[in-house]
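Got some structures for you, see below.
Shared chain: chain A. Partners: chain B in the first complex, chain C in the second.
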Partner chain A sequence: MTAYLARRFLLSLLTLWVIITLTFVLMHAIPGDPFMSEARISPQAMENLRRYYGLDRPLLVQYGRYLANLARGDLGRSLRSEVRDINQIIADGLPISALLGAEALIVAVLGGITLGVLAALGHNRVPDHLSMGTAIVGISVPGFILATLLIDVFAVRLGILPVATWGTWKHTVMPAFSLALAPLAYLARLTRSSMLEELGQDYVKAAVARGLSRPRVIVGHALRNALLPVITVLGPLTAGILTGSFIIEYIFGIPGIGKIFVLSISDRDYPLILSGAVVYSVLLLATNFLVDVAYSLVDPRIRVLGRAR
Partner chain B sequence: MTLLEIDNLHLGLRTADGIVHALHGVTLHVDEGEMLAVVGESGCGKTVTMQTVLGLFSAREIAYRQGRIGFAGRDLLELPEDEMRRLRGSQIAMVFQDPMTALNPTLTIGHQIGEAILAHRRVSRAAAMRQAVALLSQVGVPQPEMRAAQYPFQLSGGLRQRAVIASALACGPRLLIADEPTTALDVTIQAQILALLRSLQRQYGMAIILVTHDLGVVAEMADRVAVMYAGRIVEEGPIDAIFSRPSHPYTWGLLECLPRLTTLRSQKLRTIEGAPPDLAGPLPGCAFADRCAHAMSVCWEYLPPMFDAGTKHQSACWLLHPHAAPIAEATRLRQSASAPDEKGLPRGRA
Partner chain C sequence: MSVERAHETLDPPAEVFRPRAHGPAAKTVVVAPGRRREIVRRLGQNRLAVAGFWIIVALVFMAIIGPSLVPYAYDEQNLLEANEPPSGRHWFGTDDFGRDVFARTWTGARISLFVGFTAAFLDLVVGVVYGGISGYVGGTTDDVMMRVVDLLYGLPHLLSTVLFMVVLGPGLFTIIVAMVATGWLGMARLVRGQILQLKELEYVQAAHALGIPSRRVLARHLIPNAMGPILVNLTLTVPAAIFTEAALSFLGLGVPLPLASWGTMTAQSLVTILTGDTWRLFFPAFFISLTMFAFNAFGDGLRDALDPRLRR
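Take a look at the complex of A and B:
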């Protein structure tokens, strides 16, 4: 297991390096530079700015310098934002985005699995149609439309939740739900089909034939196995929730990192763009890694065979 | 003493393609401690009958259900689900066809045997696990402690089937239904599993219904045989009678299909021409009539009742009607089955 973990870690580092390199190349391929939008600036001042930030050096040197700093844990300095230290920007924004993402993930997982199981147990009957109807709405309606609808109903008309910004738990309800709906719907559909498949398996019939009660058969046998594919998609799903948070944070005016990184691209804030790539890649690699570990814990076929190898 | 008595069981199942009339009046009984073989080709309703006995079809799957399934003085079709649950696994247990799929791949063998005990007895989990290990050793699994802690994919097919049998035996059932227990196994393993079932039957004194399409298995194991065709029992009798004096053309066909030691390599194996009828539509007469070489016009019009064909031997064929003409074929087959000569050909007059 240790060897496996070490190999996975090295592979993750390699992936991270590839992502940084690609991002570096791509962002310098975008026309323009960070100071283009400065209205009146003398060529001399522009020259000074570029030299100050090292943008006058060859790209390869800039690239090497960035990697060297990154290796020391220094993400560099933002060219545009008020707080210049990117490490500080992330330390301020990441906990907020992470909390929002975690809330959305919990809502999506619990809600999605519950809806999916109910749909499978009431296959082709009212619970199934209700759950799948909800799921179709959830997949079809984009988060930002849901967000504005929620604001209109719960904040403007009913006045029970704050319109926007960040502060108490009440501020998190609408953004978390807007963020959660699409993945919730996706999980509901996945759980339903996976559960239906397991319920039709011989071992379920065999468990019934042993005299187990219906709840025991459903939870102890069918659901257990039906959740394996659900765990598999949790990695990519977390990615979806994280990237989705860009828009939601923007709508609700939440000071998370999503908004900061979106703006960094139009600003050509090179160090900040790279930092965004680094932060999100690390998050994704970490969740995928956790999912793999979780999967091997749940499925003995992977755990035991992995140990033997 | 009769243990299980199925009386005129009709069953229709809802499927994606509409209602399938799976059982057309199955009548069958099993005595305490005996081994009954139920024989028939795929889709004839053997498994459906057995799963109906255990109540494994949900109310939503069942389009209609009539008849009676008497077990130890009670009608299983009338039992509420909760009592049915208490009966499953403790009084009537089932061994499924494919041990690859009948075990949950993500739970240990011990867990799956233990849960059968925990479902019916008030014992601790640890006690149930100890008993599971004991059961494994009883069904001939070497190193039972180690095996109990393993997962199904770590066991061979034969060992898995032994584990499935152990889980069926967990509460000492009075009736064990073995639904093609050897079909998915290698031939050498088949013999071991059958021998195991026979020794367990003696040991536990339980009745066994052995569902199979393999007449070779039947000849070795069973006390009585019931031949099933298209959702109905067409012939039923003691093992000797079925093999030496078969009286239903379908049974003749089945026996003729058996390869013999004297069958030459160049000879094609015999088959019964045609296919079983579609169970989605109505069947007024005998379901076998279309494939039967001796069918008379009455066969398509009226359902043959059970005629006596010997002691405790019955057959649903119009040929047994007192007014039906005797059939040379029957005579020939009886003789060849009872005393085949070296060439496998019938002796004497045909």
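Take a look at the complex of A and C:
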């Protein structure tokens, strides 16, 4: 298993390097340079700006310098933002995004698994139809639509939740729910089908025959096995919540890294865009790696066979 | 159709929040000609899938004729009639520039469907060619080609699309290019897996023994037989692409104004939450959701109908 995880880790590092390089090349493939739009700037000032940001050096030197700085944990300097140090910008935004993301993830996982189990237990009856109805809505309604509808109903019409920005827990309710609904719906369907499958297995019948209580059979036996496929999607699920936060944070005016990333794009703040991509990729690759570790711990087959895909 | 195994995730999707290219039933489905009727019959029993199918038909129909049903162009401004609620003159009302929302909605449908179908089709072409070659040639070639896919697969789809949009600039075709740039990966993996399984079967060996050239075996035998899962993946790629376009346009990275896209229409209607003209938000929001629902319902139904384990 160690060899397998070591390979996965190296692959993640390689992916990260590819992403950094690709993004770097992409950002420098944009015609013109970031200061072209500055109004009436003297040639001397322009040259100083370019030298300050190292844009006068050959591309390969810039790339090498960027990688060296990254390795030291220095993300560089933003071109536009008031706080010029990108490390500081990320340090300000990340806790907010992490809190929101964690909240959304918890809602999605708990809600999704609960709905899925209820649907499977009440198969083809009311609980099933209710859960799957919710799941269909969750898969059909994009997060940004849901967010605007929630704002309209709960903030403007009913006035029970704040419209936007960040502060108390009340500010997190609508954004967390908007972020969580799609993954929740996906998890509910996944849990339902996997639970239905497990409930039909012989070992469940055997457990019932041995006289185990119903909750014990359901939670201790069927659900435990039904959750295996759920764990595998946790990585992509987190990816969904992370990228979903671009839009949700933008709508709700939440000062997290999602909003910073979107604003950096409209500002054409290339170093910040680059850093955004790097930060998101690190988060994602780390999550995927952790999910792999978790999976190999939960499923003994992987320890022996390696991943038989 | 009781047991739904909609999400047998042997190969988990890249991005769950929009079911982009989920690994559908990874089991090989060999569609013999006689089974087609059986599949259609089972699809017909799935009410959601049937509803999805007819909604798609209706949406395509309205996208074609919708804009010409009203005497207004989608970008025709009339500031004297701005922000009017739905009425006999303007069936879906007008926006803040007095543009007819009905005309804009169906122009938006054209864009969404065009983006969805084109992106899905290009994903299909690139993915089938890449995955087909990788799976068929095998060996070191396959290893190298799949490591490349693995590397790119680590990129979150929306993130890479956004980055490409930054470089390429806004526009209808750049959106499609940006989406396909990483969108084909899931399809390539799927096709490769299918080809790997299929190429060991006897009839392929027989075709080789008969001296049929590889390209012909691939094009005439392997790809057609892998078509089931490919079709399912294709159907589910369309809503993912439509969603991505709407999200990008919502962020102002999508189609340029004054073109009407459901994403930009939603973004522009955001202010109406405060002014009280919320019906303007309703139309784009409703039609995006309806479209997503229709394609996802149909795609899921198709997957279930093709799943041999559900056959009775």
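Everything below uses one rule, namely that the second predicted complex is superposed on the first by the 282 of 309 C-alpha atoms of A that agree within 3 Å, B and C clash if a C-alpha of one lies under 4 Å from a C-alpha of the other, contacts with A are read in each partner's own complex, and residues count from 1 in each chain.
One rule holds in what follows: contacts are C-beta pairs under 8 Å (C-beta built on N, C-alpha and C of every residue); 3 or more make two chains touch, one makes a residue touch a chain.
A quick note: this is a predicted structure, and the numbers were derived from the prediction, not measured.
**Q** So, on chain A, is it clash or fit between chain B and chain C?
**A** fit
**Q** Once the structures are superposed on A, label A:Arg210 by its partner contacts, choosing first (chain B), second (chain C), both or neither.
**A** A:Arg210 contacts chain B only, not chain C.
**Q** Residues of chain A touched: more by chain B or chain C?
**A** C
**Q** Figure out whether A:Gly112 sits in contact with chain B (first) or chain C (second), or with both, or with neither.
**A** It touches nothing on chain B or chain C.
**Q** Check whether A:Val298 is in contact with chain B, with chain C, with both or with neither, and answer first, second, both or neither.
**A** first
**Q** Quick check on the superposed pair: does A:Ala29 touch chain B, chain C, both, or neither? Answer first, second, both or neither.
**A** second
**Q** Could you say whether A:Gly101 touches chain B, chain C, both of them, or neither, answering first, second, both or neither?
**A** Neither: A:Gly101 stays clear of chain B and chain C.
**Q** In the superposition on the shared chain, how near does any CA atom of chain B get to one of chain C? Answer in angstrom.
**A** Superposed model gives a least chain B-chain C C-alpha distance of 7 Å.
**Q** What residues of chain B sit close enough to touch chain A in their complex?
**A** Within the complex, chain B contacts chain A at residues 51, 54, 56, 85-90, 93-94, 96, 98, 101-108, 112, 115-116, 119-120, 151, 153-154, 164, 167-168, 170-171.
**Q** For a test of understanding, state which residues of chain A touch chain B in their complex under the given definition.
**A** So the residues of chain A in touch with chain B come to 201-203, 205-213, 216, 220-221, 224-225, 228, 298-301, 304.
**Q** Would you tell me which residues of chain A are touching chain C in their complex?
**A** Answer in residue numbers: 11-12, 14-16, 18-19, 23, 26-27, 29-30, 123-124, 136, 139-145, 148-149, 151-152, 156, 182-183, 186, 189-190, 192-194, 196-197, 200, 229, 232-233, 235-237, 239-244, 246-247, 250-251, 262, 265-266, 268, 273, 277, 280-281, 284-285, 288, 309.
**Q** Quick one: in the complex, what on chain C touches chain A?
**A** Residues 2-19, 48, 150-152, 154-159, 162-164, 166-167, 243, 246-247, 250-253, 266, 269-270, 273-274, 278, 281, 285, 288-290, 292-293, 296-297 of chain C touch chain A in their complex.
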